[in-house]
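Following are the structures in question.
One chain, chain A, links the two complexes that follow: it is found with chain B in the first and with chain C in the second.
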Partner chain A sequence: MKVKLTIWRQKNPDSKGQFITYPVDVVNGEMSMLECLDVLNETLMGRGEEPVAFEHDCREGICGSCGFMINGIAHGPLPATTVCQLTMRHFKDGDELVLEPWRSRSFPLVKDLVVDRRSFDRIIQAGGYVSVSTGNAPDGNAIPVGKEIADRAMDAAACIGCGACVAACPNGSAALFTGAKIAHLGILPQGKPEQDRRAVRMVAQMNVEGFGSCTNIGECTGVCPKEIPLEEIARMNRDYLLGAWRERGNVVTAIAPVTDWNFGEK
Partner chain B sequence: MSTAVAGQRENRTPSFWQSTNGKKAVMAVTGAILFLFVVGHLAGNLQVFEGPAKINAYGHFLRTIGEILWAIRIILIVCVVLHIVATVQLALLNWKTRPVGYSRKKAINSSYADRTMYWSGPIVLAFVIFHLLQFTAGYIHPESQFIDGDIYHNIVAGFSVWWVSAWYIFSLLLLGFHMRHGLWSMFQSLGLNHPRHTPVLKQAALWITIVIVAGYISIPIGVLAGWVR
Partner chain C sequence: MGKVTAMMNLDARIPTGPIEEAWDSARFEMKLVNPANKRRHSLIVVGSGLAGASASATLGELGYNVKCFCFQDSPRRAHSIAAQGGINAAKNYQNDGDSIYRLFYDTVKGGDFRAREGNVYRLAQNSVHIIDQCVAQGVPFAREYGGSLDNRSFGGAQVSRTFYARGQTGQQLLLGAYQALERQVDTGQVTMIPRTEMLDLVVIDGQARGIVARNLITGKLTVHLAEAVILATGGYGNVYYLSTNAKGSNATAIWRAHRRGALFANPCFTQIHPTCIPVSGDYQSKLTLMSESLRNDGRIWVPKQKGDKRPPNEIPEDERDYYLERRYPSFGNLVPRDVASRNAKAICDEGRGVGETGLGVYLDLSDAIARLGVETIRERYGNLFDMYQRITDEDPYKVPMRIYPAIHYTMGGLWVDYQLQSNVPGLFVLGEANFSDHGANRLGASALMQGLSDGYFIIPYTVGNYLASTKLSKVTASHPEAQAALASTQQGVAKLLAIRGKRTVDSFHRELGKIMWDDCGMSRNAAGLKEAIGKIRALREEFWQNLNVTGSGDDLNQSLEKAGRVADFLELGELLCIDALERNESCGGHFREEYQTPDGEAQRDDEHFSYVAAWGYTGAGKPWDLTKEPLEFAYVHPSQRSYK
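And now, the complex of A and B:
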C-alpha cells in the first residue's frame, strides 16, 4: 500500500513554512501513523535530507506527546485515538494525507509538526494540584471515596494534555483541557479544600495564555483521544462562577507566558 | 533544547467580566432573559387570531402600564447590549487565536446551528431593528398605512406585503437556529451539565424552538393565506 504524505515543513519558528508531498510505501497496514513517519524519516536521512520533526514518547496513547492534524481532523479520522495508535490500515491505497501541526497562537510552532504546549503546563502550574503535607504516606482508604465519584474523577483525569481540543476548536479555546484538569481534582475529597482557588487561578491562567472562548459546540470532545465530555467544561464554569464569588477578596496571580526557546547554539 | 527562561509571576489577571468564562455567563443570563421575552411576545401576539378587539385591547393594555413597560424595555435593552458586547469582544478574541489558519479543517462533532451563531445573531438583530421600526414606531411601513394603536390592522397590512413576510419568516428561522443552540448552551455556560439530563435538555431545546418558531411564523402565514384579514 502506498500513500502520499503532504507534510507541513517549517525549519524554525521564524521561517516560512510550506507543504511538501512525500510518497511513502507503507509496508504493513498494522504500522502506526508515527511508524509511517519513521519510515519516511529513514528514507529522508538516507538521502541526506532533514527528517520530519514530530513529537512522540510512549507510542501507546497515554503520554499526550504526539498529535497533528490529518486531513483537517486532529489525531486523524478514527475517534478516541492518538496518531501513535492510528494504524495505516484505516487508510486506502493511494490516499493523500495532509499532516499539519496544531494551529494556535498559544501553541507556537517549534519545527515541522512540533508545537510548544507549555501554555498547558502553566495552566497546571497555576492550580492543577492538591497540596499535601509531607511525612509518612497516609493510610490507604483513609478517605473513603465512592465508586461513582472515583469513576467520574478518573474519566476527567484521563486527559493526556495532547492539545487536540485547542487544535480542533474554531475559537482556539482550551476549555476542555482546563475543565478536565479542574474537574478531576475537584470531584475528589482530597481536592475539595482548594476547589475555589484552583478554578479561579487556572481559569485566570487560561485567559492570560490567550486561548479563545468556549462556544459549547463540542468539536473538542469529538477529537479528544480520551473522549473527555463537555460536562467537564460545565464543571469548570460552575467551579469558576462559585470560586470567583467566594475568592473575590483575594488577589489572583498568573504566570507570565514565556514562549521563546533556547536552542543551545546561541 | 532546554527552557532557559523561567516564568515570572504576573499580577495582572482578568476580572470576571474580562475572563472568557465570565462573559459567557453574562451571555447565558442575558440570553435567558431575552428568551423569556420571546415567549411572552409570542403569547401576546397569538391573540391576533382572536380578532381585532382582543389584540388591540392587549396593545392598549401594554401602553397603559407605563412605567412597568419602560422598566421591561430597559431590562431588555440592557440585556441586548450586554449580550452583543460580550459576543463581539469574544469574537474579536477568538479570531486572533489562530494567526496561521489550517489548510483544511473538518467539523466532525458540531451542528449547523452551533457553527452559525455568529451569522444568526447579527441577522436577527437587523430583523429586530426593522421589526421595531415597522410595528412599534411605525417609521417603516412598506406598501401599507401604519395606524397607531390599531395593531390588528398594522399586522394584516404589514404582512400582506409578501417580502415583509418572507423576511420575517427567514429571520424567525434564524432565531430558531440561534435558540436551538442557545437554549441548552446557556446551562453549559452557567456550569449546569448532567450526563442524564443534558441530552433531554438538548431535545427539549429543539422542540421548544420548533413550537415557538412555528407560533411566530403562523402569523404572517395566516395573513398571506387569508385566515387573518
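And now, the complex of A and C:
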C-alpha cells in the first residue's frame, strides 16, 4: 500500500517552514508510523536530502519522546496510542496524512517535528516531588496505603509527559499534565505534607510558562495516550484554591523560563 | 597523554573479613568530605536513568555541585522508563523464607558464578533500603487490600520478592528519581544539561577531570570540567541493532572512556530475552518485549513436523512438541532466560519454527484460559495481550502468541572496583554501564535494583572517599589535555560529515547487527566468531569510506548522532567477538557450542575461566590487552546449574 505524507519542514526556529509531500511505500500493517518515517528518511538521504527530524526513543509508548499531529489529531486517530505504537494497518491505500509538530507558545519549535518541552520539566521542578532526601525513609510498610488509593495514584502517575494534551487544547493549557502530577502525589500519604505548596507553585509555574488556562473543553483527555482523566484537573483546581488560601502571605517563587540552548554558557 | 595506559595488577578493593560486615567496615574506613567543603566540589554525572538520576539527586542533596547530562530532551525519558516487570528486594514481607543471604545466593548462582561475591552481597543488603526510599518518594507500588506492599515471584525465583507498579515499574521508579533530581535542580545544586552527548573523556595527570560534550541542538562542542566523572549511560545491547532497548541507547560514552584507558570487562556477557514479538520485516526498528510473567501461565510449543504450515488451532495435541516441558521436566516453561532462548533457537534452526519467517515459537495460554477463565487472564495479562494485538493484529485470547528471543541486556561494561571506580582514578561507572553484579546472566528484576543501589547508596560514599583522599590540581578548559580532547572530538565529527559516501548509517548498523546476531548471539563457536571479526573489520573499513551523512554539524542532525554511535559499535562489536572467542567455556548468556554437556547444556570451566576478563585499549586497529581478575567464592560454592 502507498500513502502520502505531507510533513512540516522547518530547519530551525528562525527559518520559514513549509509543508512538503512525500509518497511512502508501506510494507505491511505491522509497520509503525515512525517506521514509515524511517523508510522515508532512508530514501531522502539516498537522494542527498536531509531526513525529517522527529523525536523517539523507546518506541513502546512509555518514554513520551514521540508525538506530532496527524491530520489535526495529536498522536493520530487511534485512542490511547502514541505515534510510535500506531501501526499502519489503521490507514488505507492512497491515504494522505498531514504531519505537524505540536503547536504551542510554550513548546517552541526546534526543527521539523521536534519541539522544546523543557517547560514541563520546570513545572515538575516547581514542586512535583516529595522532599525526602536519600536515607530519610521509614520502612516501606510503615505507612499502610489502601489498594484503591495506590491504584488511583498509579492512574495519575501513568502520564508520560508527551505534551499531546497541550497540543490538542484550543487554549494550549497544560492542566492535564500538571493535574496528573498534583493528583498522583496528593493522593498518597507520602505527598500530603507538601500538598498546598506543591499545587500553588506548580500552577504558578504553568502560568509563567505561558500555557493557557483550562476552560473544561476536554480535548486533552481525548488524545492522551495514557487516558489521564479530567478528574485530575478538578483535583488540581481544588488543591490550588485550598493551597492558595492556606499559603497566603507566602512568597511563590517561579523559575525563569529558558528558551535558548546555551545552558548558561556563552 | 590524556589517557591511562600502564596496566598493573587489578585491585578490586574488596574488603576482607566476613561478607555481612564488609560494606559497613568499608564505609567506616572511607574518608569523609567536610560538609562545608562539599559545595566546593564539582561532579559530572553522565546519564539520567535510574543510576544517573538517583546519583545526581543524592549527590545534590549532600551539597555537591553536580552537572547531569542526557541526550534526550528530558531526563525523564531515559531508557529505564521502559522496564516493566519489577524490582527485587530481600524484604521478606511475604514471610516465605527470603533473606539478604538468599537474594545474594540466587544472584551469584543465577550469574553462573562469574560475579564478585562482595559486590553482590552489598547489592542484596541495599535492596531493602531502595524500596523504603522509593515508597517515601511516592512511587505507587502495588498494594494489598490491607495497605501493605504486594509482591510477586518473577523469573523463576522460588520466593516472592519482586515489587512492582503495574507493568510500569521502571517508569515509576525513574519518575521518583527524576523528581528527586528536579528538586535538586530547583535548589540549584544540580544543573541539568539535556540534549547533550558526551563524546570524550578528559584525563589530566592520569585522573578523569571532565568530558567533551556536543550540544545536539547547536552542534557546539564544549569542555566541562569537574573533580570526578560518573558515567551512568546504560547498556550496549544496540550493537545488535535489533534489541528491546530504546533506539537511542548506545555505548559511546563508555567506549570513548575505554579509548582513554578505562578497561572494558566481560563484553561477551549479553542477555537474550526469550519472550519478544518476532521480527516482521526488514524495516523493523526495534523489538518489543512481552513480559516474562507470561511464562507463569503459558505453555511453549512448536509442531512436531518440520514445515507444518497449519494454523495452530488445527494442529492436534499429539502433533505438538512442548519442548521445554519435555526437556526440563522439573522447571518446564520456567527455565531461566538463557536456557529458554537457546532452546527456541535450536527448534527454529531445525525448521520447526512458526509464523511467516519461521523464526518464532508459540506461547499458548489456552490451557490457563480454560482453567482460570478469560477474566482472570485479562486481569493478569490484559495490557500485554493488548500490546501484542496492537502490533500483530492477532487476538491472543484466541490464537497462541508467537514469540522469539531478542537481545535485552548487557552484563558486561566498564570494569569497576568495589568502590565503583574504574581503573582510571576519578572515573566512576554505575548501572548497566558497568560490569559489576550480574556475572554471566542477570536475573529478572535485578537491573533496576542495581542501578538504584549504585546511585542512591554506593556512589555517595565512594565518591566522597575519593575526593577526600585525592590530591587534585586546579585545571581549566585551556589545559592542553582538555584542548587536545576537544580538538580530536571536533575532527571526529568533521570526519563523519566529510565522507559523503553512498550508504546510510542505519544500513551499516543493520549489517553489523546481523553479523553479531548470527555469529555472536544465542550460541557461538570459534569458527563463526573468527569469521565475524573479519566481517566487522571489513564493514568498519567500508563505513569510513562509504558513509553518507547529510546535513551539517551545527544544528540538530540525528543521523550525525547515530553515525558517531555506530562508529563506536563497530569497534565494540569486534571486542565482543574477541572476548567470546577467548572464553573457551559456556556460562550464562555466553554459550559456546564446543563446550556443552552431552545433553546439550552449558559447560562451565571453573578451573580456567573463573575470572573477569578486563580488556585494555592499545590503539586503533591494535590488539587489545587482556587483564584477568580472578574470582573467588568463599560463600556460594560453584556448582553446575541444572533445571532438569
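As a working rule, the second predicted complex is superposed on the first by the 257 of 266 C-alpha atoms of A that agree within 3 Å, B and C clash if a C-alpha of one lies under 4 Å from a C-alpha of the other, contacts with A are read in each partner's own complex, and residues count from 1 in each chain.
Operating definition for what follows: a residue touches a chain if its C-beta (ideal position, glycine included) is under 8 Å from a C-beta of that chain, and two chains touch if they have at least 3 such contacts.
None of the values given here were measured: they were computed from a predicted structure.
A:M1 in the overlay: touching chain B, chain C, both, or neither? Say first, second, both or neither.
Touch partners of A:M1: none, neither chain B nor chain C.
Regarding the shared-chain residue A:V203, is it in contact with chain B (first), chain C (second), both, or neither?
In the superposition, A:V203 contacts chain B only.
Just to be sure I read the superposition right, which of the two partners does A:F120 touch: chain B = first, chain C = second, or both, or neither?
second
Going by the contact rule set out at the top, does A:G72 touch chain B (first), chain C (second), both, or neither?
Touch partner of A:G72: chain B, not chain C.
Kindly classify A:C58 by the partners it touches after superposition: chain B alone (first), chain C alone (second), both, or neither?
It touches chain C, and chain B stays clear.
Looking at chain A, does chain C or chain B touch more of its residues?
Comparing chain B with chain C, the partner touching more chain A residues is C.
After superposition on the shared chain, which partner residues are touched by A:I255: those of chain B (first), chain C (second), both, or neither?
both
Both chain B and chain C touch chain A; at which residues?
Looking at chain A, the two contact sets intersect at 118, 125, 255, 261-264.
Where on chain B does chain A make contact in their complex?
Going through chain B, the ones touching chain A are 1-14, 16, 18-25, 90, 93-94, 96-111, 114-115, 117, 181, 184-185, 187-195, 198.
Could you list, by residue number, the parts of chain C that touch chain A in their complex?
Touching chain A from chain C are residues 54, 57-58, 61, 72-77, 79, 81-82, 91, 93, 129, 131-138, 140-149, 165-166, 168, 171-172, 175, 178-180, 182-183, 185-186, 191-196, 215, 217-218, 222, 246-248, 280-286, 288, 390-393, 456-457, 460, 504, 506-507, 548, 550-551, 555-556, 558-559.
Which residues of chain A touch chain C once you look at their complex with the stated criterion?
Spelled out, the residues of chain A in touch with chain C are 11-12, 27-32, 34-35, 38-39, 41-42, 44-46, 48-51, 53, 55-60, 62-65, 81, 85, 87, 89, 110-111, 114, 116-118, 120-121, 124-126, 128-141, 143-147, 149-151, 153-154, 157-158, 160-161, 184-185, 188, 190-191, 255, 261-265.
Over in the complex, which chain A residues touch chain B? Could you list them?
19, 69, 71-73, 98, 100, 103-106, 109, 118, 122, 125, 168, 170-173, 203-204, 206-208, 210-219, 221-223, 229-231, 233-242, 244, 251-258, 260-264
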